[in-house]
Every structure is written in structure tokens, then in C-alpha cells.
């Protein structure tokens, strides 16, 4: 039951709260190493801080850089079986080079040339697409063709077969969000290949899922009961935009609805439960009026923001970035976030909040609301 | 602890399963009467049948008759404090003359002349309106003006102040549905008067509730969590109609969605839960293609159907009625129902199924699906 | 669509809130009667009172009277197929002679002579037994023999086959509680006969259900998930008594636990959910120290109390009864209840609160807590 | 937005599914590194295997080794503010030397000398203790003294102040289980110091929590509603043992209850919900008859087993260990587990299954049940 080359390595140090170094203590620590043991007293500062000290760091990525490298990948990297997707993921600088935007969340730019097919597969990871610009690709989810257009939020919840194909004359890029890091961490991943290309190459403007489910406050009687993930394959921009505009119009008329002055926000939901679209991912769209600033807010759990339109600044802790269309910012757990809009500013946000809330670990702190 | 005039009255009879009549038995029964007791053995046939034998009866009411009497009431009966509403309720012939469509459900025609106000009040009973024809009335729910138009389904869930006013030049009639009988039975009723007239007489085409909540798959971030009843004040006909049309178009294309061949149906839902709009009432809209017939179906729980458009026949047990726009049919618990469409037939349905399902008493039996 | 002999009967009266009587109004009312319609304005006072005005009345039954009549029934009324049970139910004086303790609840004394069998059947109604005195009967629930002893609370949730047999030399009487009136009202009743006598006549002290489920905070891994009703067939007096004694001991030591000074109470629960034992019935045991009095409390929903031990007084509204072992008192919805203990007083209580709570109609008002 | 020393490091390789290496591809990869990006196509094999391939390894630790090193720590390492606890944690050989038994679970031996106090603190991590041998320590949880004895399972759910003190003449060691790794991963940790020693040094045999909550199927009426974690502070061995013995006795009599032949198991539950004791941790006790073997079972999620009594063998994948009292074995996600009992064998098990189940990622596969 021992390991000759132990990964455990302990050092006796002379510090408050630590046992006094001595040859006997060193011998004890060697025993720990041999038996694959680590005492709490040397680790408690790291493991039990007074508030979350995530390893992930706040960071920003410029969409123009992502797009430039994705285009170049379009020249050099074929899409096909094996590599599966021409997707390029954000690697948080605090997470050792792994392709993880946060400990739980994957965020990537995916790029498909005219006429290309991304082959069909399925996996237990939950996925969405968010389209900052362009159109012309259909993602086919369990046989249902789903058009992708600017502003749309598109779902591929876990274990559904899906492939994409570009029917247009132009390349198309979009944001992929998944819970790959969380699934990898927890050891819950299953994966299966499907056909090399999608079977149904029709290009309807609306998916079958939308025709059944995307009617406000209505559900088909033929599909009762709660579902783990939302059955709505596509949340169209026209609806999201109208909902945000309505909140600001209500504010203009003196009525409730916005989350704070000048700040409208909607959450994408699972219409069978009213909850989040997928078990592990929350997704929202925010709109700030020009020249407004959000209160500074900390939340347990990590998030990724992407600018959909407009210009402004995003501050996380003591760092701040100017942002414009497509730019991405990662917000680790419990880091204070402030967003400032220079023009009217639309932002897409996704986070691991459903994990945090389902495990009753959610906490929020709001400070410094603007006067 | 005795009652000189007991409501209990027992008769010893000579029948299978009954004790042999005798002077001693008669004396025992007199003792039961005096002590306000009733034996199971005389009542078990009524109380414990092999399947539900409701007291309520299937029955149909013609909208033209209701409308004629409502118009006459418009001449003779003022609307105001005390009587509160010019509402005329269906009295199930099996329920002793009480204004109860079924043991749990109230269904009434309400009628408002041009310029009239129905005064503001609130009650714990849950209410809705369904509009078969006409427009011009606004119902103001907790201060939010809600336009009423043909095909709309409008909510006033329990304990919300509400009044109506007719801003048009024509009278307007509509269907009111409530859980008044159930609330009366269970002893849960609270009631309060508000002002004699609504405060906000504005006439917006959409309510504030709709602007916040009637966007498909979206919810305002400012209002998290589940609510007992739906926050959507109005489910507009244009959405309901589109959802039904989509189901039939999917069927035409060979895809799933309808409840049975030629039969589309949507349920009005609470977007914060995905469940029914109110704790005690389910509401649905059904569309049958011309010349189709539903399977015969029994359900535990009672329902009321109203024809919205088209013509056909409704059979309940061994009775059948021809129906057209506005006609109402009551279906008691476990009575077999078959609907036949002569033209395309749209029907509104409401029922007490949420009560039955929350108490785990739901059963459904479907027979004789059309070939 | 008309009925020649209408159950509806309306009278025009000259009263506030009512339309002025006239020949035209009388003609309108005849039209309502003919079409089976009832206006709200004549009924609103009854249907929409400012707070619940139940038809059921508070009333008390003496156990000695029940027992005397049950013994006499034991002489005159055989137990067997058809009558099924020698059960004699409380008939609330406000409910027209029906065997209903409250609008929702059935409460009866059941009596079985030595050597008798009550035949096996099942029904969708939920049932329990509570034993005020005696022992020697086993109720066999889905084949599992369950001993009945003083103080035990025994479950037969819906659709489980059950029969009873008396293995002792003495007759035995107990309290049956069911949701028969509610099931009858809602139209949810199904019933099936089983064998004429129970198959397993063994007399184990503990049922198999208890051996699997009646361990504190533990559940068998082989039976995961929530169940509609509790799987615990018998809640034994020794546990109930200990739990009540512990609460009073905690109070003596200055710790929380009792519901109010001198008043301990435990609720019987479904261990798979933590909620009530059955979908429609709540059951509790209360213990008051000698010379204490509860606060006066109103609750939406109706209840039945039975004295298990001790002596005191029960006041409901403006009526008060002295009570002792076995006496039963019915408390209609929203009637103020005060219980006074002369000796230490143990009371069993059951109510329809789960119905009220699941439909979000619950309200409680507590007044006049003792100084 | 760039990082001069990128943690990202990419290598172009010539392999199936990979783009053909070229200077242009190398240049692209350098661009990725500079912009903190990682392509999916180089990582998909690791991130999306066909079934879970956890980094954690199956491993066994001998209790005698743990105890020896804990005793030596008792000589050399004081317990007090700063280090907080004399706890020594299992470090999974696949997790880089971190004190994590699995990616989510912490498992440590804690050791307290006679007369010692572990100071009071609280943290959002959920904790339990399981006692393999000994007694004499009280853990005081939110002021409630809880005795610790062999076989007991003791809870300290998140954010409750707690300290321990040894009132006996002998040292005491026990197993601590927490969700420290998961909390660290997700960034949900909050921590606060309390007093240096517990305030209430009384030594009652039962805690107040038990007196309120540890009665089978009963709950105090004064504490309604669901709680995130179980309110039962101590699950006593006498109850666990009786429940296991009952299952085997039922099996002897031919009745259902065991999970498979010769294998009894109970789960510790939250009596307010029927679910797991804490949001992130499941805990169970298993008993195998002598000379039996479990079916081989894989589950998504990781677990730690500790032998409570008896002797046998534990196989995980292609490794097998003989085990006896106190020995611990870690089972990573989806690794096949088989337990063989030589004598009657009692095992304690805890796992992260509640996380997996709440996120709907649970899967189980059972093979090779013994003939």
C-alpha cells in the first residue's frame, strides 16, 4: 500500500499555527509522504480561506484576435472525424494552460467554412452556441435542423446527437459554451460518434423544437412533465431584444422590471420548469443604457461575459478592460464585477450558477450602487 | 352532546350485505341518529363505488341562450358594490341548484355595458377570463390594465385586486372561470373590497405583466424563483393560434407534436414552474381538423369545454350535443368524452386537474382511438 | 338543453346590492331557472364571505357513547363481504346527515369481536387507524401483518389491499380516519374486493414495513426515491411518547423544541419526503402539561382531535366541552381553537392540511397566547 | 490582453484527427499560446473519452498505518488556533499530492489527546465524523454537545460553529469526511473563527438535536419545512445495526429489503426531505454476510469506503486489497467495484453522488451478480 515515488511533498516550517520543526517532525512528514497523507495544518490556509480565493484569474480576450486565429485555422485545420470541431477555447491564465475559461466552463470560438460539415456526435456535456455575427449555418440536433443567426442562443443539451453544416457562401464563427471542465473534473463524461454528416440538410428558418415550444406561456399537451434541460433549441434574437426593450420602456414609465436603474436583463429558461436551460449552465442577456454603470457585485460561482453590441468597460477586482463587440471577459468566483456602458451595451453572460444553487452554496454581495 | 333534531336518518333494510332488520337493529339506528353517527355498512355503495360515480351530470349550455339572458340582465341589473359583478353561472343539474358547473369549478358569463365599471375587490379564489367574442374591456389587476380581446385567456390569480371597465361603445360578454365551488367546499375563502372603480383607466394594448413575462423561454432576472400562480396576465390569441397551427403543420410534415391524429393542443402554463397557471385550475386550447374525432377518454377530475370556433359534436357518456361558437359542455369525473369536428374546431378547456394531480389521484383511460 | 323541473330556484328580493324586484326581473329569474343558471349577485354573500364560513359545525362526541353503540353493533351486525367493516362514522351536524366529520374527513369507530375477520379490499381513499385502547387485532396491508396496540398510529395508504383479524379473546375498537368525504366530493374513488379473509394470519410484533423503514434517519438503499405515501405501516407509541417527553425535557432545560410553553407536538411523516404521511391527511400527537392552555389558533382547513389520555377542556369558537380519554372534537376551517389541560393531556389530531398547503391556500392566525 | 509567459504550450503532431504539421501550423499554435487559447482538436481525446477516465486512482490505506502516524502527530503537533485540527488526509496518488481522497472528497483521520480541545470555527464545507473505535470526545455543534462513540455517524453541516474536546483518559481517533476538494474547486469557501474552546462542556449521552429529530418517522411540529442538511447531529450505531440486522432477517424469511443476496444497506438521510444528509455527500452503511460477494458495479461519481468490522477483499478495476477494521479504499468515478466478505463485513461508505444526481449526470452499471 505504499508508493515509492510519492506525489506528496511536505516541508516543516517555523510559522504561526505550525508545529515546531524538529528531526522528529521531519520524520513524521516523511511517513506522511510514504503513506500518501497530507495534514490539514499545513494546507488550511489554502483550503479554508475566509472567502473564496479561486485559482482562476479574471481575464479578457478580444474577439478580433480570436477571429483572426480562427480564420487562419480555417485555412490550416480540416474539420472532420477525430478532431470533430474547429473550436478554439479560452485558457484561463490561472489554470495551468488547460482549455478552461473557468474551473467549470468551456468557452470557444467555433469556425466553419462555406460548405463544411462538422460531423455528428453526442456527449453528456451540455452545450450552447451564441452568435455574435453572421448566419448561414444549421446545427442539426437529434435530427432537427436549427438555423443560427446573429443574436440567437442555441441549445444542445447533453446526450443529443448533433452536427453542423454551413450552407452559405461565407464562413461563420460563433461562441460555443459547454461544461467540459466540470464534466472532466467530476468524471461524468460519455461520448459517442454519429454519422460523418448530418442527414437532414434542409434549411428551415425555425426548428421543430421552436414550433412546439417557443410560444410564450404555452406548452404542447403531448409533452407533459419536467425535462432536465430546455426543449427549446433556439432562443431568437427578436424575442430577446423585445424583452430587453420592454423592461427599459417599463422603467421609463416608472414601473418595476429592470434589475437596477438603466439595466435590463433576461434569463433564458427551461419552459418545463421555469429554471435554467441546462443543469449546469445559466445564460442571460443584459442591456445597459448608455452612460450607466452597474453596481459592483460578487457572486459565488464563475461566469463568462461576451459583448454582443456597443462599447464600454468591464472591471473585475483591480483590473479593467475596454470592450466592444465580441470581446470576452471571465469572472472567477467572488470577484467584484462592475460594467460601465459608454454606448447602449448588450452583453451575453453564462455561468455555473445552477451548480452552485442546486448545492445551496450560493451567496451574493452587492456594493456601491451608482447614485 | 346530543341533538334533538338529528340530521341523520337511518332505515334498516333487508338487503345483501346489510344486517337483518329487527327491533333491536331499529333501536341501534335510533341510537346512531341521536349521537350523530352513520354506519359505513349502509353507505358503502354510495361512498366506495368501484369507479367514480360523481353527482354532477354532463350537461350543455348554448351560448346564444346565455348571451340573451346576460343582455337582459344588462337592462335590469346594475353593476356595483354589493353584487360586485354581472355574472351568471352554470348550475349543474346534479348539484341541487347551486351555481357550480362541477363540484370544483365555477363557469359564468359576465356582461358589461359600455361605460360601466365593475368595482375593485380581491378574493382568495383563483379566476380567469376567456373571450369568445368582442373587445373593449380592460381588467385592471393589481393596478395593471389588461386589454381583453377575442381568443385571449386572462388571469386573475388569488388575492389580487381587480376591477373591470368597458371603454368601448358596445357591451362585452366573456367567460369567467373560478374555483369558487372548491374554495367554498374546503373553507378557504377570504374577500376584501377595494375602490369602487379602477384607478388606472389607461388602455394599453399590452399589460405590464406581458411586457415582463410573455416572451418565449425568457424571464426577467429581477424576478427569480417560482410563483404559486403564473405572472402572465394575458395569453394572447395570436400566440395560441400560432402554436396550434404549428402543431398541425408539424403533423403534416410527419413529425411529432399533436396529441393524436388531427388533434393539436396547448396548455397555458406558469412560466416560473412550467406547471399549471394556477394551483387549482388547468387551462388548455384544442384544435381538431375538420372531419376528425378524438379518442374516447376518461379522466379523474371534472372539466368545462367551450367552443371557440367551428362546429361539431360533443359526446359524454350516452349523451351527445351539437356545438358551435360559445357553447359550453361540462364533463364530470371519469365520464367518457368524445369530440367530433365537422369543421375545423377550436375548443377552450379548463379543469380541476391540478388538484387531482397534486394529490396523486390522477388516472386516465383512453379507448377507441379512431382508425 | 333545458330541464323541465329545474333544481334552480331564485327569488327577487329588495335588499342592498340586489336589483330592484319587478315583473321583468322575475321573468329574467324564470329564464335563469329554465336554463340552469344562477347569478353571482344573489349568492355572493354565501360564496365570498370575508373569511371562511364553513357549513360544518364544531361538535364533540363522547367515546363512551361510541363504544356503547359499537358494542351493540357487535351483537347485531355481522362483519363480512358487502358491508365490509363494522365502522360507525361521525356525522357532522352541519353536513346534512352525511357520515362526514368534516367536509373532507371521515372519522369512525371500528369494532371487531374475538375471532372475527374484516374481509380484504382496497380503495383509492387513504386510511389510518389510531388505537386509544386495547390490542389483539392485526391489520394485514398488502400481505404484511401489522399489530395494533394502544397508542399506535397505523397507515393504509390508498390502493393497498387490507383486511383485519382479531386474534385475541376480547373485542377491540379503534379510530379509523380516511379522506372518504374528499374522495367522494372530487370523484376520485376506485374500489376492488380482495379475498374474504387475510392470507397471512401470523402475529409478529413488528411489521415488515417497520423493519425496513422505522429506524431514525435511515432508509433502505434498495428503495430509493420519494413515495406518495409513507412506507411506515406502524408508528409505535413508545417512539411517539419518547419524542414528546424529550421535547418537554428540553423545555425544562431551557432549550427550543416545544410549539409553545408546556405544549409538545410531533408530526407523523413520510420518511421518503419529510412531508405528511399521506397526500390528503396530516397526523400529529400533542402533549400539554397539566394546568396549561394553548394559544387560540385558527387555521384554514378542518381537523379532528381525539383525547388519548388525561382530562381537560376543548373550546371551539363559543362552545366548550370537557374531554377525557377517547372523546373526539371536530374543528371546522378557521374556527378558533383553545385546548386546556387539567391533567397532563395527550391528544391525537388529524387534518386535511396537506390539501390546503399543496394548493397554497394555507393561513394561520394565533391569538391570546397565555401569559 | 496578452501574456508573455503563457501557461499554454501546444505541439503539432502527425496523428489521425490532427492537422498536418507545417511551419504555418506551428505559427498558428504560437498565436494560440500568445492569446491564451487551446484548440479542441488537440485535447478532445482527454476531454471527451467514450466513458469517464478519472485522474484519481483507486487506492487503499491501512488504518493501522494511519493510526500510528496520527499517534505520533499527537506527540509532536499541538492542536490549536491556526492549524485548527490534528487531521491527516488521504492524498489520492493520481491527484498530484493534494490532500484529496477523490476530486470532490476529503477523508482524514483526526486525533485528539485526553483533555485536548479543538478550537471552535465554522466553514461552508460540509463535514461528518465516523467513529471506527473509541469514545470520550464530544463535538459541540452550534452549542449542542454531541457524544462520539464507536459506530456513530455525526454531522456538522456547513456554516455551523463546532469544536471538539476529549473528556476521557484516552486519546481518540476517528474519520473526518468533508467536501473540501469540491468547495476548493468550485470556489465556494467561507470560514470564520469562533472561541478557542467550546462553551458547553457538559457530556450528555444524547444531543439536543437527537432528542428533537432522531425518532422514527416523527418530526417536531415547531420546526416545519425542508432544511438543506439533516438536523440529526448523530446517527447512533444501535439504530444502524438494528436496521441492517432487520434487512438480513427479512431476507432469511423470504422478504424484500436487501440490495442483493446477502447484502444489506441503509442510507443516512435528512428527515426533512428523505434525501441525502448534506447537499454534497451521501453516506451509507453496508453489511455483507460472511462468504458473499457483491455484484460488480460502476457508478458515475467517486466514493470512499471504510471497513467498520470484519474482514474481506475489495477489488477496484484490476487491483484488489485485503481489508480489515478501519482500512479505507477510494473508488474513482466509473471504476468497477466488487466487495468480498470473508467474515460478516460491515462497511461505511460516503460519496459525492448527491452532486452527480442533482446535476442529472448519474449512471449506474451492474454486472456479474454472483450466482
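In order of appearance the chains are A, B, C and D, and numbering begins at 1 in each one.
Methods note: contacts are C-beta pairs under 8 Å (C-beta built on N, C-alpha and C of every residue); 3 or more make two chains touch, one makes a residue touch a chain.
Computed from a predicted model, the values in this text were never measured in an experiment.
> Fewest touch steps from chain A to chain C?
The least step count works out to 2.
> Taking each chain's centre as the mean of its C-alpha atoms, give the chain farthest from chain C.
Of all the other chains, the one whose centre lies farthest from chain C is A.
> Indicate the whole-number Å distance between the mean C-alpha point of chain A and the mean C-alpha point of chain B.
Distance between chain centres, rounded to whole Å: 44 Å.
> From the C-alpha centre of chain B to that of chain D, how far is it in Å?
Roughly 52 Å, centre to centre.
> Could you please state the distance in Å, as a whole number, between where the Cα atoms of chain A are centred and where those of chain D are centred?
29
> Residue numbers in chain C touching 2 or more other chains?
As it turns out, chain C has no residue touching two or more other chains.
> Taking the touch definition from the header, please name the shape of the chain graph: line, ring, star, complete or other.
Contact map by chain: ring.
> Could you pull out which chain A residues touch chain D in their complex?
1, 3, 6-9, 16-19, 22, 24-25, 28, 31-32, 35-41, 43-44, 46-54, 56, 59-62, 65-66, 69, 72-73, 75-78, 80-93, 95-99, 103-104, 108, 123-125, 158, 180, 183-192, 228, 279-280, 300-302, 321, 332-334, 352, 354-356, 358-361, 363
> Can you check the complex and tell me which residues of chain C touch chain D?
Within the complex, chain C contacts chain D at residues 208, 211-222, 226, 230, 232, 235, 239-240, 242-243, 246-247, 249-250, 255-259, 265-274, 284, 286.
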